[in-house]
Structure formats: structure tokens, C-alpha cells
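Once you scroll down, you'll see the structures, which are given as C-alpha cells.
Below are two complexes that have chain A in common, paired first with chain B and then with chain C.
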Partner chain A sequence: MSPALESLARLALARARDAAPAWIERLREEAAVVAREQGLPSRRLEAWKGTSLAKLEALDFVRVGPGAEPARPDAQPARARATAETPDDAIELVFVDGRFEAFASRTTDLPEGVSVRSLAELLVSEPEALEGRLGTLAEPKGPSLVALQTSWLEDGAVVAIDRDVQLATPIRLRFLATADAADAPSAAFPRLLVVAGRGSQATLFQDFACEGDAPGLTNFVAELHIEAGARLEAIELQRETAPRVHVTQTHARLERDARLDSTVLSLGTGLVRSELSVALAEPGAETRMAGFFLGREDGHVDHYTTVDHAAPHCTSVEEYRGVLDDHSKGVFRGRVIVRPGAQKTDAKQSNPNLLLSDRATIDTKPQLEIYADDVKASHGSTIGQLDAEALFFLRARGIDEARARLMLTRAFAHSVVDGVGEAAIREELRERVDAALATTHGALDAEESV
Partner chain B sequence: MSEEVLVSIRNLHATANGTPILKGIDLDLRAGEVHAVMGPNGSGKSTLSNVLVGKPGYEVTKGEILFRGKNLLEMEPEIRAREGVFLAFQYPVEIPGVANNYFLRTAVNAARAHRGLDPLDAMDFLSLLREKMKIVEMPDDMMKRAINEGFSGGEKKRNEILQMLLLEPDFCILDETDSGLDIDALRIVAGGVNRMRSPERAMLVITHYQRLLDYVVPDRVHVLSKGRIVRSGDKDLALELEEKGYGWIETGDAAGARS
Partner chain C sequence: MSGTNPELERLAKQEYKYGFVTEIEEDRLPPGLTEEVVRLISAKKEEPEWLLEYRLKAFRRFREMLDEGEGEPGWAKVSHAPIDYDAITYYAAPKQKPKLESLDELDPELRATYDKLGISLLEQKRLHGIGDGSRPGVAVDAVFDSVSVATTFKAELEKHGIVFCSFSEAVREHPDLVREYLGSVVPYSDNFFACLNAAVFSDGSFAYIPKGVRCPMELSTYFRINAAGTGQFERTLLVADEGAYVSYLEGCTAPQRDENQLHAAVVELVALDRAEIKYSTVQNWYPGDKDGKGGIYNFVTKRGACRGYRSKISWTQVETGSAITWKYPSCLLIGDESVGEFYSVAMTNNRQQADTGTKMIHIGKNTKSTIVSKGISAGHGDQSYRGLVKIGPKATGARNYSQCDSLLMGDQCGAHTFPYLEASNPTAIVEHEATTSKISDDQLFFCRQRGISEEDAVSMIVNGFCKDVLRELPMEFAVEAQNLLSVSLEGAVG
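This part shows the complex of A and B:
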């Protein structure tokens, strides 16, 4: 067994027991067995060809969840930073190392028909509300880190929107990881369960950040149940920094005429594996999957996406854009499955990439598995440099080359952010993207020359 | 008229992707002058303008270009622009995702920095922009849109003139800025060009039509054919060309080629 799994198994033995019901305990135990037996996914697996978890395997974890000392909120600058952008009337849940922090969160004054709660609390007080939902979309089996996550299933957010409720205020989930010493890696296993009731509408923003520069793991699993006619906009921002390892697995299931607008941004500098799996389970379901990833330094960012067209008349439009600088590596896999009988499927996918450095690499592959005949499916990935005509135009107006490059790179990224429907979140994302791009090579040159 | 030669093009030979296009161009523009360049499709008019602003893909194989006595060919495109060379493109590019107003402010401030001036803040820039937009009759909302994205042909050309008005270059090259314009747009564009006309500036106006030259009356008219200036004259040459076409001078003899 790898040091990572060994140390986690040791920590599991010392774990304080909660009062979760037997079926939860069984779910955890079975997941623990799977996680132990299959180990961490290796590059021999087709789905992991582009990404090595050697960095994760080597970690000898000293804690899971928050440290022993629960600090007061005013003594926590990082926590304040995590929530600084949030307007006063927001609905916001803060998790530190995977644990819900009630005092830093704002969940009062929720509109009728909206429930936003901590999983730890629900596991004890109302576990029956989770039955048939928790662990059903993200099944603890391989090859993934879902089993490992499920074995540590303890806390996270549970969001339920009742039938026909239109929630105007976005729900913000801030996941903050803290750091100890450089030789004391810690792990966090936050979880998210969403049930968007029939005909409901809501926006969800998930923000992952960390403090310090100690190694660690965030292993996150989200399950999104989107019922008939419901619309969910889900935005995920990943900005944890190296040497932290960030693994996220989101599984969504859409019923008849439901819609999921997903935007995933990876702006961190560490090792990222981000899995998004969307099942269009009933006719008329529709999803838009947008992504932007930025690779810097020796960062590694892997997006593994799956759209499962399991019913006729469903639509998926997927576009992930990558910008890779320094000697970073990007990986994109876009699986599109069209099941037998899923006629009139419309599936579009594209993955344009910009390489800012000649040492940066991108490994991109669509993977179409089509078993129906009346299907529209298109895909395309490109690897390129900035548009030479546009670059020259800006220079011909007196803008130096470095700044012109930065302007065009930003524009490339903004087109993803601009698709976000919620204005305040869109603004926050724009700023985050600009700040991240400002540290890329061309941008640093631009700062010097202007 | 001032005697100062602002732009001096001497024996200019240039290739585009290895193909010889310009085959010995000689042209002097004095401050205050407007020169029109006419000539059949493919004669090298756009190539000349692109070489003047330093577009990649062209190589000058012989000759030189002096701008205020400085060797233009040694300067990067952005430096040429800041020094005061401006080309209104025949086919302005669309740049999705870069807002027009942000682009314009960046360009104006780059030029100001070059002249040792402080950058304009958002408010000061906005009032300058408003003033110039009135001249080209551009609505406010076009500034928030991406550069030329979804602009009509005429709007793109007006946007080029707007950039010229904001950057106040001393050497303005207009590459068929009149093409594809309706009568109103032509009047607006010509108005913008005439506003830029001054004793300190020189202009090179590339066009196929007399109608622009009715508004912007040139001091000299040149005919470019197969990479050479084959004829030069005063404003009446343009009228003659309008009437007779290019056939009668495209005989290969370069009589009167020097301006």
C-alpha cells in the first residue's frame, strides 16, 4: 500500500465515531474496502493515462479534517479572505478542511422551500432525507477516488430546492484548506449533495481555496440530482495552490427537460484531477458544460468529462478552454456516450487550447461512443498560439506585444466566464482569472514594459 | 505648404512570403500633404501600407523608409505606431472578447507614455472618447462591444477613423477606407479625415474611387501598377483615371513616376 493510503487507514482507525445510521456506516465501510483493494488509480488505467498520482501516493498524512484547535473566527485571516467577496445578503456555507463552520456561514433567512445544511448535522438529525440520494450517483467503485472519499464521508453541504421554487440568490460554498508544516500533509473530504426539485431553479457556486504551501489532498464528491424541468447553474472554481492535490468528482443526473449549466475553472498551481459526469437520463434534458483551465509552473491539470446521452432528444454543448504556460501540463478527455435508442441526440464538444510556452504541453482527446444512428455529434480540439492578425492589429495601434498577448489571452478565458449567468459571480470569476493570468510569462513582461 | 519631408520612401522593394511584390517605389510626402494612391487590384497598394506599418510576413529586400529622418524599418510595429504612423486597415480584424473602449484606452495611454505624458484615467478618457465618437457618429454601445465584432463593414471603417482621431498620428495611411461605404458613411469618414488634415501631418489615401477625393482633395495622385509607381500627377489625374480606367497607363513605361 502507498504511504498515502496507509496513513489514511491509520487515521481512520482513530476517527471519532458519529451517530450516523447503520446504512451510512455500511456505505463507508464498503467504500473503504474498495479503496483499499483497488489502491489509487494508476496510469495503466485508460482513464488515468495522462495523470500520475505519484505525488499523492507519497504523502504521509498526519490529519484528516481541521486541526485540533478550533480557532475563533476573528483570529482566522484566511477564513475572512475566503468570504471577503461575498455580499451581505448571500447564502454562504464555509467549510474548513471539509468541516462545516457555522459561525462563518450565512444560512439564515432562506426563502421558503430552500434548505441548505451541513451533511454532518443531517446524518444525525434527519438521515432518512439522504436515503436513495447520497452515494447513488457517485458510486464508490473504481477507477476513481470516489471510494476513498466515500470512506471518509462525514461532512459537506446538502442543498434541497423544493418543487417550483425559483431561488434568485446564489448559494455559495467556500471550501478552505488549512496548512500545517511542510512535512505534515493533511486531507479534506468535503461532500455535496443537491436535490433540485421539479421545475425549480437555482445557482450554486463552489470555491476551493487553500492557505499556506504545505502538501495536502482535497478529495471532493458532488452529486447533483436535477429533477424534471429543473434548472441548475453550477459553478466550480478551483484555486488551491501547489503542492496541494485537488481531486474532484461531480456526478449529475438530469430528468426530463431538466437543464444543467456547468462552469468549471481551474486556476490553481498544483495537481488537479477534475471529473465531471453528466447523465442525460430522460428525454429533453440539456446541459452546457463550460470549462477554463490554466496551467502554470509545473502544474498539472486534468479534466475528465463524460456526457451520457441515455435518452432521446437530449442536448449537450461542451467547451473547455485551456491556457498552458511554463512547463505545465494539461489533460482533457471528453467522453460522449450515446446509448442505443438515444435518437435525435445533439452533442457538441470542443477543446481549444493556447500554449504560452514551448515547454507546456496539452494532451487532449475526444472519445465518442455512439450506439444510436440518428445523432448529431461534433467535436474538435485545437492547440495553438494567439491569432497573429489580432496580435498585429493591437501592436499596430501602439500596444506592446506582451500586453497585446495578455489582452488576447484574457479574452480567450473571458469567453468562458462570460457564459456564467449570475452577474456578481461572473465579476468575481473575471477578477480571479485576470489575477491568475497576470502571473503568466507574457503578462509579467507586460507589467515591466508599460 | 511646408518644405519638410515627413516620409521618404526610397527604391523600396518588398516580398510577401517570398514573392516579389513591390519593385522599386520612390515617394516623398511633405508635412501638410495628402497623396492619393490608386491602381488596379493586386498592384501592391496594401502591401505598401503593410510594409509601412511593419506587418510580419513581408520582407524589404532593398531600399529604405525614413520617417522624420528616422529609419522606420528598424522599428517594431508598436514603436512605429507610437511615433505617429497609423494605418486604417482595408479589412479591420474582429477581436472577440476585447472590449473596444478598453482597447482604445490602452492604445491611447501607450502613445501618451511614449510622449512622456501621464495616462488618462477612465473619466478623462471617456470624455475624450465621447468627443471623437461624435465626429464619426458612433453610438455609445459600440464601445462596450468587442473590437469590430458583429460590426457592419461601414462601422468597422468608422471605428478605424475613430482610432485615428484618438491617436492623432502624424502619418496617416488609409487603405480603401471608402470602399463599401454608403453616402452617409462616406461623408462621415471624409469628415474625420479632413479633421486630421493639418500642416504637421501627411496622409496617404489609397482608393479606387474619385468620390472620396471629392471630399478629401489630394495634393498628388500616384498610380501603382505591378509594384511600381507608373504615373504621378495632381488631382486631375484621379478624374482622368475615373473616366478612362487604368488601361491607358499600364503600358509598363514609368514616365513621370517620381512625385
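This part shows the complex of A and C:
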């Protein structure tokens, strides 16, 4: 067993029991067995061909969840910072090292029919509300870290939108990882469960950040149940920094005529594995999956997406864009499955990538698996540089090369951010993307020349 | 299906017209894979010590893989019952005089077999061009089970300094050439099946085109599996020296049997400076019956190395046969400005499975590759395009374009695309496009309205869909390929 799994198993023995019901306990135990038997996924597995978890395997974890308070003198302000940009009327939940922090959260004055609670609290007070939902989409088998996460299933957010409720305010979930004074490795296992009732509408913004330079693991699992006719916009921003390892697994299931708009942004510098799996389970379901990833320094960003067309008349449009700089490596896997009988499927996928440095690498694999004949399915993948003509156009107008490059790279990234429906979040994302791009190769020269 | 209706049975058999068996006395080894078998094969072929050593190294590695349970690669999207490598006969050869003085001495039974397949081994019978007789014929190396039985036009080719013979003969006559290039493109440890082949390969073709020579005729190898319970493990090695050009064709058939037979071949191509190799395959191994019983497992490793500056290797394949195909003709683009091409039509009907594609490894500067893959799936057929385009860190200015289209006929079949693109050089341009569709009702209606029967219309549309690939084939093959596609599709419509 790797040091990581060994230390986690040791920590698991020492963990405090909560009063969760037997079925939750069984879920955890079964997942723990699977996680132990499987070990961490290796590169020999097709799904992990592009990504090595050696960095994670070597970690000797000293804690799961928040450390002894206060972990670090500046930890408190950091938490405040995590919420500083939030408007006053926002609905916001803050999780520190995977644990709900009530004092930093704002969950009062919720509109009627909207429930946003901590999982730890629900596990004890109303576990029956979770039954049949929790652990049903993200199954703890297969080559992923879902089993490990489920064995640590303790806290996270539970969002429920009642039938036909249109929630105008976005729900913000901030996940912050802290560092000890000694920078000892820590792990966080936050969880998210969303039930979007029939005909409801909501926006969800998940923001992952960390403080300090401590190694660690954030292993996140989200399950999104989107009922008939519901619309959910889910935005995920990942900005944890190296040497932290960030693994997320989001599983969504869409019923008849439901819609999911997903936007995933990876701007961090560590090792990232982000899995998104969308099942279009009933006719008329529709999803748009947008993603932008930026690789910097010796970062490693791996996006593994799956769209499962299990019913006829479903539509999926997926576009993931990558910019790779310095020594970074980008990995994209886009699976589109069209099951037998899923006629009139319309599935589009594209993955354009920009390589900014001669040491950066991109490894992309869009894949179609089709078992029905009356379908439209296409995918495209490109690797290249900025358009020479566009560069010339800008240079001809007196813009120096570095500046022109930055402008075009920003435009390349913004086309993903621009798809976000919620204006305030879109603005925040734009700023974050611009700030991240400003540190890339060539962009620094551009800033100087301004 | 019990096949009680004779008419039905006849129709079912008609689908694969090369399913006959030749009654011929065979010299064969007992089944099983042991060091002794490897030594015996080597001894039968009177091979030098170094080649036996090479085989034994491969054999030990293969045993190691078997024992460690590594087994067949699991990533391919095909499924089959486990193969018992100790139940296969690794050497079977028609009994004949040890040394033939001329082609006329060839066993008439063998000659009849090839005549039946439409491959004449008598040189004078070959077409000597159309009209003026200036167009040269095709030189054929005929491989029957484990051995090469005849090679035509050798004298003609020798005038140009071209070596074209069976692999065993090459080992005897040109050991230096074989030793230099054998395993240099596909090392014995490359993969499970290549390793098996390196241990037990029996025969195959060898060609060497000397500096600056443009091969005056198409070279061709015709593979025939005849004996039951055997596998075919041939090895082909083509070397095009500086500035040489060669076009090589490969065809294959096998009898109709209820058992699955293994065909694990290795093909190595080497192109030096400014050399060009065009390698075309029409693969028509027995595909099994419509319930998926029998058929050949075609697990082949084909790879070409563009070693020289401006060298070019072009693969064209039409895959209509085999129960399972597992094949990725690849190009290592090592020389600067070298070019790799891959044109493929794969057709799966009934219960056939195909996992095929290519690998283009860009290593040199300004290297270019083009991939055009057309997949047609009908009945319960299942097929995947799996291709890798890899741009190394030094491959400045590399360019790739890939296009994979799939055509689905019927709602029980599957078509999949698994392109792997890996780039480590910022000046690389890699493009991949894939589409999946079915024959549109509009297209069919258009043809039907003009009095074309549905089956003919489908055949026309399919041929149109494959045109980009078929036009890359040499003329004789293009006709055969078109016919094959129509035969394979019979009964797939309606």
C-alpha cells in the first residue's frame, strides 16, 4: 500500500464516530474496502494513461479535515478573504478542509422552497432525506477516487430546490484548504449533493482555493440530480496551488427535458484531475459542457469527461479549451457514449488547445462510442498556436507582439467564460482568468510594455 | 441456426467464396509452444545461430508475459474467449520437394489453390499490361500456411538489383541485410503478439530495393491459411534504400471453419533518404458466420520507419474480413520532412469486431502525416478507430490532419473513435475530426427514384463514402476492394 493510503487508513481508525444511520456507515465501509483493494489508480489503466498519481501516493497525511484551531495565525483572515468578494445578499457556504464553517457562511433568508444545508448536520438530523440520492450517482467502483472519498463521507453541502422554484440568487460554495505551520500534508473530502426538483431553476458556483504551500489532497465528489424540466447551471473554479493535489468527480443525471450548463475552470498550478460525467437518462435532456484549463509551471491538468446519451432526442455540446505554458502538461479525455436506442442524438464535442511553451505538453483524446444509427455525432480536436493572421492584424495596428499574443490568448479563454449566465460570477471568472493568464510566458513582457 | 434448408445454407456459404479447403499433405509440428518447438522451426528452416537466439529471446519474454498474466493487451475494444496458446500448431507446411528448380515443379494442388483464388503463379499467364503490353505485371510471393511456396518474376527483378523472395530464403541468401533490419522497427519485446511472432514466425516476404531504383512492378504477397488448428505467423520486411520506390500489395484469405484461428503477423518497413514505400492491404480472412462462429483473429503489428530525409511511407488498407481485427499500421517519422500516410476502410458485418487505426510518431522536423479512416458497421458489427498522433519535443513544424468517419447501417452495430493526440512542441499543428452518420433517406430516395435498386444504391453510396481511400489503392486492388465491400454488405440492408 502506498504511504498515502496507509496514512489515511491510520487516520480513519482514529476518527471520531458521528451518529449517522447504519446505511451511511455501510456505504462508507463498503467504499473503504473497494478503496483499499483497488489502491490508487495507476497509469496502466486506460482512464489514467495521461496522469500519474505518484505525487499523491508519496504523501504521508497527518490530518483529514481542519487542524487544531487556529491552524496558523493568518488562517482566520484567509477565511474571511474567501468570502470577501461575495455580495451581501448572496447564499454562501464555506468549507474549511472539507468541514462546514457556519460562522463564515450566509444561509439565512433563503427563499421558500430552497434548502442549503451542511451534510454533517443532515446525516444526523434528517438522514432519510438523503436516502436514494446520496451515493447513487457516484458509485464507489471503477478506476477513480470516488471510493476513497465515499469512505470519508462526512461533510459537504446538500442543496435541494423544490418543484418549480426559480432561484435568482446563485448559491456559492467556497472550499478552502488550510496549511499547518509545518506544511504537513492534509486531506479534505468535501461532498456535494444537489436535487433540482421538477421545473426548478438554480445556479451553483463552486470555488476551490487553498492557502500556503503545503502539500495535500482535495478529493471532492458531487452528485447532481436534475429532475424533469429543471435547469441547473453549475460553475466550478479550481485555483488551488502546487503542490496540492486536486481531484473532483462530478456525476449528473438528467431527467426528461432537463438541462445542465456546466462550466469548469482550472487555473491552479498543482496536479488536477477533474472528472465530469453527465447521464442524459430521459428524452429531451440537454447539456452544455464548457471548460477552460490553464497549465503553468510544472502543473498537470487532467479533465476526464463523459456524456452518456442513454435516451433518444438528447443533445450535448461540449467544448474544453486548453492553454499550456512552461513545463505543464494538459490531458483531456472526452467520452461520448450513445447507447442502443438513443436515436436522434445530437452530440458535439471540441477541444482546441494552445501550446505557449516548447516544454509544455498536451495529450488529448476525444472519443465517440456509438451504438445507435440515427445520430449526429462529431468531435474535433486541435493543437496549435495563435492564428498568424490575427496576430498580423493586431501588429499592423501598432500593437506589439507580446501584447497581441496576450489579447488573443485572453479571447481564446474568454469564449468559455462568456458562456456563464450569471453576470456577477462571469465577471469574477474573467478577472481570475486574466490574472492567471498575466503570469504566462510572454504575457509578462506584455505587461511591461503597457 | 440448424441450417436445415439447403437453399439457405447455400446462400449463407456464398457470402465467403474463399472458404474452401485444399487437400494437401502437410508437414506439421504437434500443437503447443515450447522451447523445443521454437528450436524445431528454426532447424527446419536451417537458420543461423543468431536467428535462433533472437527467437529464443522472444520466446522467453513471451512465456514471461504469459506467466505473469500480462497476456493480450486489454485496452482494445474487442472481446473474445481466452486463446490457448498451447493448442495452436505453430508450423504447418505443404510437403513438397525440398528445392524447386522452376515454378513448373510446384505441386499442382497448390497451383490450383492459387488459381482458384485468382492468383496465377505462372508468370506467362499474368496480364502483361493492357493494349501495348508495356505495363509490367505483379510479382507475387505466395505464402501457404507457414511457408512461402512460390515467388514469381524473381529473375526480372534481379536485373534491377531488387531482392524479392521469401523470408527464409532471404535469411540464407542475404543474411547481412536481414540481420541489420530484423526487429529494428518492431523489437521482439514490442507487444504481446509481436513477441509471439518473433518466437515462432515461419515465413513471409522480404524485399530490398537498392539505391535509386524505382521498382518496375508491384510486389505482392498472398497469404493463405489452409491447415486446421494452426496459426499463421508470418513476417514481412521491406527496405527501400536511398531514393528507391516500391509499391507493395498484400492479400489474404482462409478456409471457412468453426474454430477461431490466430494470425499474428509482423510487418516492418524501412525507408531511407528520399525513399518511398506504398503498402496496400486487402484483408479478407474468413470473418466467421453470421452468428460469429469461427473466423480469423487478425492481431497484427505493422510499422514503418521513415528513417531518411524526405522519406515517405503510405499505408492503405481495406479490412473486410476476420472475426476480430487488431491492427495499427504505424509510421515513425524520424527523418526531417518525412511523410506518413494512412488510408483505411474497415467494414464489419454480422458479429465482426475491428479495433484498427494508426500511430504517427513525429520525431523529425517538418514531418507531416495524414490519416483518413472510414469505418462501416452493419449487422452486429462493432468497430473502433484507435489512433495516436504524437509530436515529439524536437518535431518543430510538424503537421497532422486526421479524419475519421463512420457509417452505421442498422441499429445493432457500433462505431467508436478513440484518437489520442499528444503534442510536446508548440509549433505543431494537429487536427482531428470525426463524424458518425448513417445513409440518409434523401440519398437513398434520390437513387431509388432513378431506378436503382436499394442494394445497388447502398453499395454506390458506400463506395462513394470510401472513395478517398479506394483511390489510393493500385488499380487491380481497387476493383477487388469495391467488389469486396459489396459482398460484405450483402444482406445488411432491408
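Methods note: the second predicted complex is superposed on the first by the 441 of 450 C-alpha atoms of A that agree within 3 Å, B and C clash if a C-alpha of one lies under 4 Å from a C-alpha of the other, contacts with A are read in each partner's own complex, and residues count from 1 in each chain.
Quick note on the criterion: contacts are C-beta pairs under 8 Å (C-beta built on N, C-alpha and C of every residue); 3 or more make two chains touch, one makes a residue touch a chain.
Keep in mind the model is a prediction, meaning the values are calculated, not measured.
After superposition onto chain A, the partners chain B and chain C occupy separate space and fit alongside each other. When the two complexes are overlaid on their common chain A, residue A:K376 makes contact with chain C while staying clear of chain B. After overlaying the two complexes on the shared chain, residue contacts for A:F412 are found with chain B alone; chain C is out of touch.
In the superposition on chain A, contact of A:D400 is made with chain B only, not with chain C. Between the Cα centres of chain B and chain C, as seen from that of chain A, there is an angle of 80°, stated in steps of 10. Shared-chain residue A:S357: touches chain C; no touch with chain B. Of the two partner chains, neither chain B nor chain C is touched by A:D162.
In the overlay built on the shared chain, the residue A:L368 is in contact with chain C alone; chain B does not reach it. When chain B and chain C are set side by side, the one touching more residues of chain A is C. Of the two partner chains, chain C is the only one touched by A:P340; chain B is not.
Once you line the two complexes up on chain A, you'll see the smallest CA to CA distance from chain B to chain C is 16 Å.
Taken together, the two structures place no residue of chain A in contact with chain B in one case and with chain C in the other. Across the interface of their complex, chain C is touched by residues 46, 340-341, 343, 353, 355-385 of chain A.
For chain B in complex with chain A, the touching residues are 53-56, 76-78, 80-82, 87, 89, 92-93, 95-98, 103, 106-107, 110-111, 113-114, 146-147, 163, 167.
Residues 75, 77, 391, 393, 406, 408-438 of chain C are the ones touching chain A in the complex.
Residues of chain A that touch chain B in their complex: 387-390, 392-401, 403-404, 407-408, 410-412, 414-415, 418, 450.
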